[in-house]
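After this come two complexes, each holding chain A, first together with chain B and then together with chain C.
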Partner chain A sequence: MEITFNNALIQTTQMFVVPLLAPLLCGIIRKIKARLLRRRGASVLQPYRDLWKLLCKDVVPAPNASWIYRSAPYIIFSTTWVVFCLVPTFSTHLLLNGAADFIALVGLLASARFALALAGMDIGTSFGGIGSSREVMISTFAEPATLMVVFTVAMIAHTTQLSLIADFFIHEPLILRISTALTLTTLITVLIAENGRVPVDNPATHLELTMVHEAMILEYSGRHLALIELAAMLKLMLYMSIFACLFLPFGMISDTSHLSSACVALLIYCLKMAVGGLMLGVAETSVAKMRVFRVSEFLGIGLMLGLLAVLLLFASEGIK
Partner chain B sequence: MTILFWVLCVLGALFAASTITAIFGRFVIRIVYPFCFFSCVILLGFNLFALLSETYTQSLVLPLGLFQTGCHLRLDGLSSFFGVVVNFGAALSSLYAVGYARHEKSPLRIIPFYPAFLASMNLVLLADDAFTYLVAWELMSLVSWALVVSHHTATANRQAGYVYLLMASFGVMALLFAFGILAGPAGQYAFDAMRANHLSGFMAGLVLLVTLVGAGSKAGLFPLHVWLPLAHPAAPSHVSSLMSGVMTKIAVYGFVRIIFDLLGSPTSWWSMLVLALGGITAVMGILYAMFQSDLKRLLAYSTVENIGIIFIGLGLSLAFKANNMPLIAALAMTGALLHVLNHSLFKSLLFFGAGSILNATGKRDIESLGGLIHRMPRTALFFLIGSMSIAALPPLNGFVSEWMTFQAILLSPQLPSWGLKFIVPLVGVLLALTAALASACFIKAYGIIFLGRPRCEVATEAKETDGWSLLSMALISILCVVVGVLPTLFIDALAPVVQSMVGGHMPSQTGINWLSVLPTTDSQTSYNGLVIFVLMTIFALVSVWFIHGFASRRVRKAPIWDCGFPDSSPITQYSASSFSQPIRKIFGAILFRAQEIVDMPEPGETRPAIFKALLVDVIWKYLYEPLAQGVDFISSRLILLQFLTIRRYLMMTFFALISLLIVVALWK
Partner chain C sequence: MNDLAPQISYMLASGMVVCSFVLLYQIRLSSMLDVFAFQAVVLACSVAWQAHTQDSPQLYVTATIALVVKGGVIPAFLRRLMIKLKIHREIDPVVGVGLTLLAGVALAALAILVMFPVTAHAATFTRDDLAFALAVILLGLWMMISRRNAISQIIGFMSLENGLVLAATGAKGMPLVVEISVAFSILIALFVFGTFVFRIRERFDTVDVHVLDRFREDRQ
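Entry: the complex of A and B
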């Protein structure tokens, strides 16, 4: 891909500006959930204030914390950030497109999770262990399920490069396929499970034996905690962006010659995220959290639907 | 003088070293491992030269071996690639052993066999006729058996040696059949003649089956894997690393040589068989590994998993080759061969780490370790790199080969066969599951061993391992990163090898698109480890700079918080078995008959509550135990034959002769 000013500008926006919106999305979801529970709720900007507050606080590690504990937040954050640079949000035309395809993005998120799970075990508390153990249990289903999503869309678009898949879905008139519908379900289950949203995990609880993500990061404080929280917010927005670029690709630009259309695309993207946040908030308040061992069934269904979609596509390839 | 000649000279020197150490062991203890190291480096250099000079093939016939056939030796692309893998692993094992073997209590039981082991592995790769091949193969098995039972005082090791010997003999018997069929009625045992021989479909299928048994039993294909987790841990760690990281690759070489090179064009059902076996092996291997608490057993089971991944790649390659798509076959084959290299790297690294932990603490059971990252920081770093590589995490090397296999799977809807259309996606989901479980398994291993608080006294007093061991681990770690970040160099080096096996090769990778990996020429998909690595580094540095510069950089130590209820006893930490409990509960219920027995005392009783997690090794219980009982039963009946009078023996001979004559008469 040729390096032009516009391309560079769009990649830079994607890299440095769009991630800044992640706390806002989180604030919106929290606000919606609070309103639905008839509370007033904090301002949508509260996550920014929280993060800055945490960033300025002291780090209080346990005496036996190792370098894994100290470096994990940076690794988790930078890995998630790298993934964010490569997922098309408002433009499918990114300079760094060729660096990683969808499978590599799944792999990178697995790297971040590897660091997080190790960080949870570093201090040697039972809460940390329980969190890591459950996180890997969830990921043993969520990761194959994500890969089934990758398989399905890759077989429709004949590439695993996310931007090209998005391009394909923009230009291809929307065809209702059974496999796409099944994949949609799979991706939703993965989105919920990977981000620790309500039926699987509750991002708002502490001191509860059902927590997963919070249990792993229980010993973290200060700037380390801020980085992990920010990475989690980024990850949520990341999954929603993947969802948007696969299933709601309208409004994304594939031609970078006009910056004005890029601005419009950015606005449409923000709108998509806000609507996504609204739906997630409503969904989260209307279901109850499930027991940990039900999660495997929940995700198992997602995985099986994904596999079914892939099998359907494999079979239909010969019929055409 | 050709390279092959010099290679043979070095091999001769290694065999001579074995003989000399067997006689003068006491005086040469110090120089055996350095000698092996230099020999392997020389061999590595020769093989590397042969590999990189593209279509380099040399052969030699020695007046030894089978009558009228002679001893054929040949160095071609495939054998030189495996030669590079073997000798790199062997050189680093020898380097590691320079330090590690100082702790050895009975070194004279190891050093006479060690050089011969290295030499016999090299000889298998050079063999170009069935006889030489099998002799070298048997030599490799026997010498490694001697190494497995070197610590013979432990009963478990003797049993491991016994099981290994049985499986190895069984495997070589199967290979004997394979070569017998390949040689045809004329009995031409040279590989050249076998290549020219065209077998009928049925016979070729038979060769595939027996080769799968023969090479599979050595490599650890499910359900022939049972000896690996027994024998690999029993050997000293530098030998374990060779057996797990390198010797299993010789078996893969045998499979590739026979199926892709000697046997001619494949059919679709072969690949289905190989794919199914590969997929099952991968998932079962990593599930077994997940439930282990003995570190070396865990690593041995993870070898089984990786062999499964390699066979998935080979199966895909067979499928595409059978359907005349050489370019995609080349992609799958390159993925499989790259995984051969990668696995030999990170498995050696992890076994070295396991050896260092064993030396420092005397323990293989990870349940009693913990917190070693503070006592052994360098080993901890290298073990982390190994764990991340084996868990197939980008930007390290394990990911690249799995990525290529996934790309090959995604291209397989083009295959016309219906069986493959169903089996390939299933194998795809098994591969995805394997990757996720591998990550879980190594989080468990690393977290329990190196992180947390020490669970026993020895772990609090462990010392960092010696410089030689650290040096060899560092070298492999660097290579793990290099292969992960610059895979294109290695993919290009494999092109001639793959070309000779499947008749096509991947597009030339260097020079295009900033070192991105491209699966096929017309594909729009790519992966660039270098960009990912650089971006991750820059972003991490930027966030460190920003936070330390603009926010806060203060640190205040305080006791563990643990939600306000810290428990001072390290025994309350999560253990390896509690970590794997959710996975045990989900996957183990059916596959392993996992049960949890809780014995809770009544109120008022003073005895402790007891919790037991039971796992049944289904393969042992329902395959091997009945088999062993059957053999026992038959042999107890046949024992009568050993106590007959001479008259009866003569009668039996007579009847045997008569019945054979009848058979011959009926045959005509």
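Entry: the complex of A and C
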């Protein structure tokens, strides 16, 4: 891909502007959940203020913290950010597209999770250990399920490049495939589980019996906590972007010669994210959190549906 | 290729497999009945679509039978049975969801692997249809084996029968007489099952069929 001004501009926007919207998305979801519970809720800008407050505060590490504890936030944030730079959000035409395909993105996210689980265990408190073991248990199901999604879309589009897959789905005429529907279910399951949303984990709780993500980062403070929180928000937006890019690819531009159409695409992307946040908020309010031991069933079902999707795709040789 | 008709029939047939799959991991008896009724509706749609594309009006009768009998009468009957037995709130836990579903996927794969070489000369969509029908049948059998509750086993049997109808309509020219007699035998089977469930309940105070094992002869 040749390096033109427009290409560079779009990649830069994707890298620096779009991630800034992640706290806003988080704020919108919190606001919706609060309103549905008939509370007023904090302003949608509250996550920015929280992050700013945390950034200004001093770091108070535990006395027995090792270098793993101190470096983990940076590793987590940077890997998540790198993944975010490579997922097409409003444009399928990104300069860095060739750097990594969908499978590599899953691997990068896995290394972020690895760092987080290590950091959870580093201090030696029991909560951190519980959180890490639960997180790893969840990821043993969520990761293969993500890979099933990758396999299905890769078999349909004949490529594992996320941007090429999005391009394929934009230009292909409508074809009804049961595999796509199953993949959609699997991806929703993974999205919920990986981001610790309600049926799996409650992002707003500090109840020690149930927390997963919060348990691992309990010891963090100051800018470390800010980075981890921001990475979590980015990850949510990242998964929603992957969802939008695979299943709702309309409005994305593949031609970068007009900046005005890029602006429109960016607006459409923001709209998609807002609608996604709304749906997530409504869904989270209307279901109860499940026991930790049922999570493996929930994710196992997602994984098996993904497997079935791959299988049915093999059978559907009539429709390719 | 952007011809919508085969895509819809493919979608409905594979939807049946997915319904069978969803049946496998339902733990509440009432939600199991809902999924079963939904599968019957999908079956009716699939048969009606075949009737439309194959231009064979007698298949509409089959579709109506599927819709009324399996989508309406049987679920309603089973629901009443459950309420009478006071088990409508009971759950029938799946032992080892992961393994059960994995076996389900393996069975679906087996159906496809078996059906594709056998029907090498048939039209593409007939092949898919037959493979999916076999998958539905195997999943129904698997449900009968893996469940403990008599009601779930009945539902497994009924969904197996859905697979038979799907197979029969995928191939052209099934006589209507066969379909009607199958539907009636299913209804009669339902009544027999119902009586049996009552008897089991009367005798053992539960519909868990594992208690029947005690009354077997000694196994080596």
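In this section, the second predicted complex is superposed on the first by the 316 of 320 C-alpha atoms of A that agree within 3 Å, B and C clash if a C-alpha of one lies under 4 Å from a C-alpha of the other, contacts with A are read in each partner's own complex, and residues count from 1 in each chain.
Note that in this section contacts are C-beta pairs under 8 Å (C-beta built on N, C-alpha and C of every residue); 3 or more make two chains touch, one makes a residue touch a chain.
No experiment lies behind these values; they were computed from the predicted model shown.
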Exercise for review: Once the structures are superposed on A, label A:V292 by its partner contacts, choosing first (chain B), second (chain C), both or neither.
Suggested key: first
Check your understanding: Looking at the overlay, what does A:F314 touch: chain B (first), chain C (second), both, or neither?
Key -> both
Exercise for review: Please work out whether A:I130 is in contact with chain B alone, chain C alone, both, or neither, and reply first, second, both or neither.
Suggested key: first
Point to revise | Touching partner for A:S78 - first (chain B), second (chain C), both, neither | key: first
Review point. Where does A:G107 make contact in the superposed view: on chain B (first), on chain C (second), on both, or on neither?
Key: first
Review point. A:L305 contacts which: chain B (first), chain C (second), both, neither?
Key: second
Review point. Given the touch rule stated above, what does A:L182 touch, chain B (first), chain C (second), both, or neither?
Key: second
Practice item. Classify the contacts of A:Q161 with the two partner chains as first (chain B alone), second (chain C alone), both, or neither. Key: first
Check your understanding: So, does A:N64 touch the first partner chain B, the second partner chain C, both, or neither?
Key -> first
Check your understanding: So which bits of chain A does chain B touch that chain C touches too?
Key -> 296, 307, 311, 314-315, 317-318
**Study point:** Sites on chain B touched by chain A in the complex
**Key:** 370-371, 373-374, 377, 380, 384, 388, 391-394, 399, 403, 406-407, 409-410, 412-414, 416, 418, 421-422, 424-426, 428-429, 432-433, 435-437, 439-440, 443-444, 446-448, 450-453, 513-514, 516, 523-528, 531-532, 535-537, 539-540, 542-544, 547, 551-552, 554-563, 566-567, 570, 572-574, 578-583, 585-586
Review point. What part of chain A is in contact with chain B in the complex they form?
Key: 52, 55-64, 66-68, 74-75, 77-79, 81-82, 85, 96, 98-101, 103-104, 107-108, 110-111, 113-114, 117-118, 120-130, 132-134, 136-137, 139-144, 147-148, 151, 154-155, 158-161, 164, 206-207, 218-219, 222-223, 227, 292-293, 296, 303, 307, 310-311, 313-315, 317-318
Exercise for review: Would you mind writing out the residues of chain A in touch with chain C in their complex?
Suggested key: 173-178, 182, 296-297, 300-301, 304-305, 307-308, 311-312, 314-320
Revision key, fill the gap. Listed in rising order, chain C residues that touch chain A in their complex are 1-2, 4, 6-8, 10-11, 14-15, 17-18, 21, 25, 97-98, 101-102, 104-105, 108-109, 112, 116, 124-125, 128, 131-132
